[in-house]
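Data block below; observations after.
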C-alpha cells in the first residue's frame, strides 16, 4: 500500500462519498464517513512522515502516465502538511457532526451530508496533492460545489442567499483561475506545475504570463477570501450548519492559500531571471493583507452575531497568512504555512465551541450568550482558550505563527511592518474580550430555560482541537518545524 | 399535454428508442471514435427527460423511481473508482488499465476504458435526470 | 535533593496548589489546609536553594525547544533567587490572610480564587527562574491572564471596568512593545539567553539601543512606568489579598524584575553605561516617582492611595536599573524585597480595616487605631519602612539607590529621591496620626476593640516585624546580589 | 490592424467575458445572474478551443495522409469545464428555486429588504 500513499488521501473520501450516499441510512452513512475520515488522517500522517524522513517528494503517476501526458500527484513537504491539516480537521469536525446536525439538519438528509462532506474533503485533499494546474481547478470546483450544498443546508433561510452569493463569487474566481491556467498552458505548453516552472524562465517579460498571473491571483484571492474579496465569507460562515462552518473555516480558505503559495513559489518563482510574481508579493498581497488585518478586525469588533464575528476574524487572519507569504523569506514563509495549521486548529475549535453553544441555546447571538460562563463553564473555558489563540498569547499556536511573522518582518528591517502586525493583533483582544465579558459578567437573560453543559460527544472534539492548539503552541516539531522545512524546500534552500 | 397525441406518439414513442439506442452507440463506440460516457450519458438523460416532459414527471417517476436515479449516480462513480482500485490491487497505479488484462496491456486498456466510460455514462445520465427532477419537481408535483 | 529538582519542585508546587483548589471544591477546610501546606513546602524548597546560589551555583534546566535554539529554560541566579524567596515567603503569609479575609467576608467562588492564586504564583516562580527572555515572556503573560479572574473576582460592572483597564494596558503593552523588543533582540543577537554582560553588546548601536530599551521599559507594563501605570489603581477592585500579594508583590515585582533582568542580562550594565542609552530612562523613572507620590496625595480611597504609592516606589527600582551602576543595581534588587514586605503590610492593614470596620476611605479612619491597635501599629511600621527610615528595611535600599545616583553624578536625582521620601511621609503618616490621635467622628470616644479575624491580624503583624528584621538582616541580601555587578568587589 | 483582426476570436472571447461579468454584477435577478455566469464561462471555452487551433490542421483523429492535428488537450479540458459549468448551473438554479420558496421572490433588492427586516427582528 505504501506506493499508493500519495493517492490514498484523495481516493478514500472520494470513493466513500458515493458509498455513503448509497447506504441511505443515517447512522451507517455517518459511521462510514467518520471511519473513512480517520483512516484518511492516518494515511496523511504516514505520508507526511515518509516525505519528511526520506527528504524527497512522493510522486504518483495516475494511470501510469508520465508527467508530459498524464496527471501526476506530487507530494512535497508542504503538500503533505496540508493533507494532514485537512484530514485531521476533517476527521475531528466530522466526529463532532452527528449530534450537532441532529438538531440542525432534517434526518433524511444526513447521508447526503456525509457524502457531500467527504466529497468536499476529497476535493481539498486533491488540490493539495496534485501537480497539475488544471487538476487544481477541477478539485477546487469539486470541493466548492459540495461546500455550496453543505452551506445551503443551514436552518436559516439566509443560508440560501449566502450560498448563492458564495456560488456566484466562487465561480467567478474559479473561472478566473481557469483563464489563467489556459494562458499558462498557451505559454508553456504543459499543465504540470513543475514543468511549467522549468519553461517559465524562457518567457521572461511576456505579457501573456503577466496577465495569467493577474487572473490566477485574483481568482485565488476570491477563493481564499483575501480582503477585499471576502464578501461571500461572513454570511456563508454565519448561516451554515455549525459543523460545516467549522470544517469550511478551518480548511477551505487555508487550502486556497496553499494554492497561492504553490503558484508563487513553485511556478513563478520569486528570485532570479523570469521571476514575475514580483508585483504580487511586493505590492498586491501586502497591501491587501494589511488592510484586511485592520479593517476586518475592526468590523469584527462591531458584530452582534458571534459566528459572524469569528468569520470577520478569519478574513483578518487570512491577511496574516498572505503577509507571511508575501515576505519571501524563510521565516516569512514559515509563518504563513505554520499559520495555516495553527489558525485552522484555533478557528476550528472556536467554531465547534459555537456549535456546542448553538446546540444548547439555539442561538449564536452575543446577547443570548449572557451569563454562559456560569452555565456552560467547560464550553466557555474552551472558547476563552481559543480566543487567546486568536490574539496570539504565548503558549498558544497563534503565538508561534506571530513570532515567525514578526521575526520575518524584522529580518527585512521592516520595523513598521512588525509594529503593524502587533498592533492589529491587539484588535483581536477587543473582539475576543467582548464575548468573554458578555459570557462572564452579565446576568443570563430572564425567562429562558435553564441551560446546561453541552453533551460529551460535542465537547470532546472541541476540546481536542483547542487542546491541540495549545499543544502546538509549545511543541512545534510537527507544526512550525515542518512548515520551516517546507519553506526551505520552496525557496530552494538545500537542507 | 396528455391530449396531444402527435407529441406523445411521434416524439416520445417513436423517437425515444432511437435516442436511447444512439446513446448506447455513442457509449460503446467511444472507444474507437468520437463519443464516450459523458456524451452518451447526456443523450441518454435527454431522452428520459423528453419522456418526462411529454408524459409528466409523475409518470416518469413511476418508470424510474427517484431512488434508482440517486443510486445510479452513486453506482456510476463507484464503477469508475472501482476500476481504478482493481487496477491498484492488480499491482498497477490507480486507473492504470493496462494491468487489467494479464496477457495484453492494450487489451487491458480497452477493458478499463469501456468500464469507466460506462461508469461515467451512468452517472451523467442519472445526474441529468436528478437535476431535471429537482428543478421541475418542486412545487407543482401534484399535477 | 539536587538544585535542579528543587527548581522543578518550586515550579510544580504552586501548580499542585492550584489544581487542588479546583478539585477540592466541596471541602473548604481541606482545600485551605492543602494550600497552606503546599505553601510551606514551597518555602522550604526555595530556602534550600539559597546556599547553592550563595556559593556561586547557577543550576539550569532546559525543557524543550519551541523555536529553533529557543528553549523553555530555567536558570537560577541571584536576582531570581531573591525574588523567588520574597514570593514564596509572602505567599504563605498571604494564604493565611486570604483564608481569614475570604471567610470573614463570605466571598463566593473561593475555589476559583485560590486556584487562580496558585496559578499566579506559578507564573511568578516561573518568571523568577526563567533562563531566557522567551521563558520570562511566557510567564509574564501567564501572570497577566491568571490574575485577570482575580481582579474581576466580583464579576460586577465595576470589576468589569477595572478588568478592562488592567488587561487592556498589560496585554497591549506586552504584545505591542515587549514582544516586539524580544523578537527584535532575537533577530539582532541570535539568542535570548540571559548572559552575564548582556547579549546585545557589539551587535546593536546608536539610536537602536535607545529604542529597544524604551520598548522594553514601557513594554513591561507591569513595571507601571508612567504613562502606563493606570492598570495598577484599576486593579484595586480586586479583593484585598489579591491587591496585597499580586499588586504589591508578584505582578508589579515581575515587572521591575523583568526590567532589571533585561538591563543586566540582555543589555549588560557596561554596555548601557558606555552607550548612555539609559539616561532618558532615569528621568522617566524620576518623573514617575514624583508624579506617583503627588497623585497618591490626592486619593482618599486607601487602596488607591497605596496603589499610587506603589507606582512611585516601582519608579525607584526602574531608576536603579537605569543608573546601570553597581549601587543602583544592588539598591534596585534590595528594594524589590524591602518594598514588598513593607507594602504588603499596608495592604493587609487596609484589608483588615475593611473586614472589621467596612471602611475604605482615608477620611473615615479617624480614631480607628483605638479599636484596631494591632492593625494600625503594623500599618505604621510598614509605612515607615516604605518611607525609608531606619530601623526598617526600606532604609537600606533607598540608601543604596541614593548612593548610585550620587555615583552617577546625578545630583538632581538624589534630590528627587529625597523629595519623594518627604512626600511619602506626607501621604502615609497622616493616617497613623488620625488613627491614634484624633477621636472618631461619631460613636463613643473609646470604642470597644474590634480587630479583624485572627487569620488576618497575625500575618500583618508578621510582615511588619519582617520589615523591621530586614533592617538588621540586610547583609545576606547584599552578599546575594553582589555577583550581579562584576567588578564590585569591596567598597561599601 | 490586420493582426488585430486576425485575433478576432480573442475579441469575441473578451466581448463574451465582459458581457457575462457585467450581467453578473449589474442585474438583481438571480436567474439572470446565472445566465451571466454561463456566458462568462462560455467565453473561457472559446478561449481554450481557440488556443488549441493550429492553422491548416485537422481534428485530432488519426487519418491517413494528414500530418498536423489541432491540440486535443484544450478541448478535453473544456469537456471537464463544461461538466463543472453544468454542475454549477444546476446548483445555482436549485438554490434559486429554494430562495424563491423561502422569500417569494428572486429579485436581490427585495430579498435584501426582507433580510434586513429579519436582521432587525433578531
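A, B, C and D label the chains in the order they appear, each numbered from 1.
As a convention for this text, a residue touches a chain if its C-beta (ideal position, glycine included) is under 8 Å from a C-beta of that chain, and two chains touch if they have at least 3 such contacts.
A quick note: this is a predicted structure, and the numbers were derived from the prediction, not measured.
Looking at B-D and A-D side by side, the one with more C-beta contacts is A-D. Chain geometry summary: the mean Cα position of chain B and that of chain D are 25 Å apart.
Chain centres here are Cα means. That of chain C falls 68 Å from that of chain D. Per-chain Cα centroids separate chain B from chain C by 79 Å. Rounded to whole angstrom, the centroid-to-centroid distance between chain A and chain D, based on C-alpha atoms, equals 27 Å.
Those residues of chain B in touch with two or more other chains do not exist in this structure. Among the residues of chain A, none is in touch with two or more other chains.
Chain pairs that touch one another, listed by label: A-B, A-C, A-D, B-D.
Chain D contributes residues 61, 79, 83, 90, 93-94, 97, 101 to its touches with chain B in the complex.
Residues 21, 24, 30, 33, 37, 40-41, 44, 47-48, 51, 73-74, 77, 80-81, 84, 87-88, 91-92, 95-96, 98-99, 102-103, 111, 115, 118, 122 of chain D are the ones touching chain A in the complex. Remark: chain A residues 4, 7, 11, 14-15, 17-19, 21-22, 24, 60-64, 115 touch chain B in the complex. Interface residues of chain A, counted against chain C in their complex, comprise 388, 391-395, 400, 402-404, 406-407, 410-411, 415, 418-419, 422-423, 425-426, 429, 433, 437, 440-441, 474-476, 480-481, 484.
On the chain B side of its complex with chain A, the touching residues are 67, 70-71, 73-75, 77-78, 81-82, 84-85, 88, 92-98.
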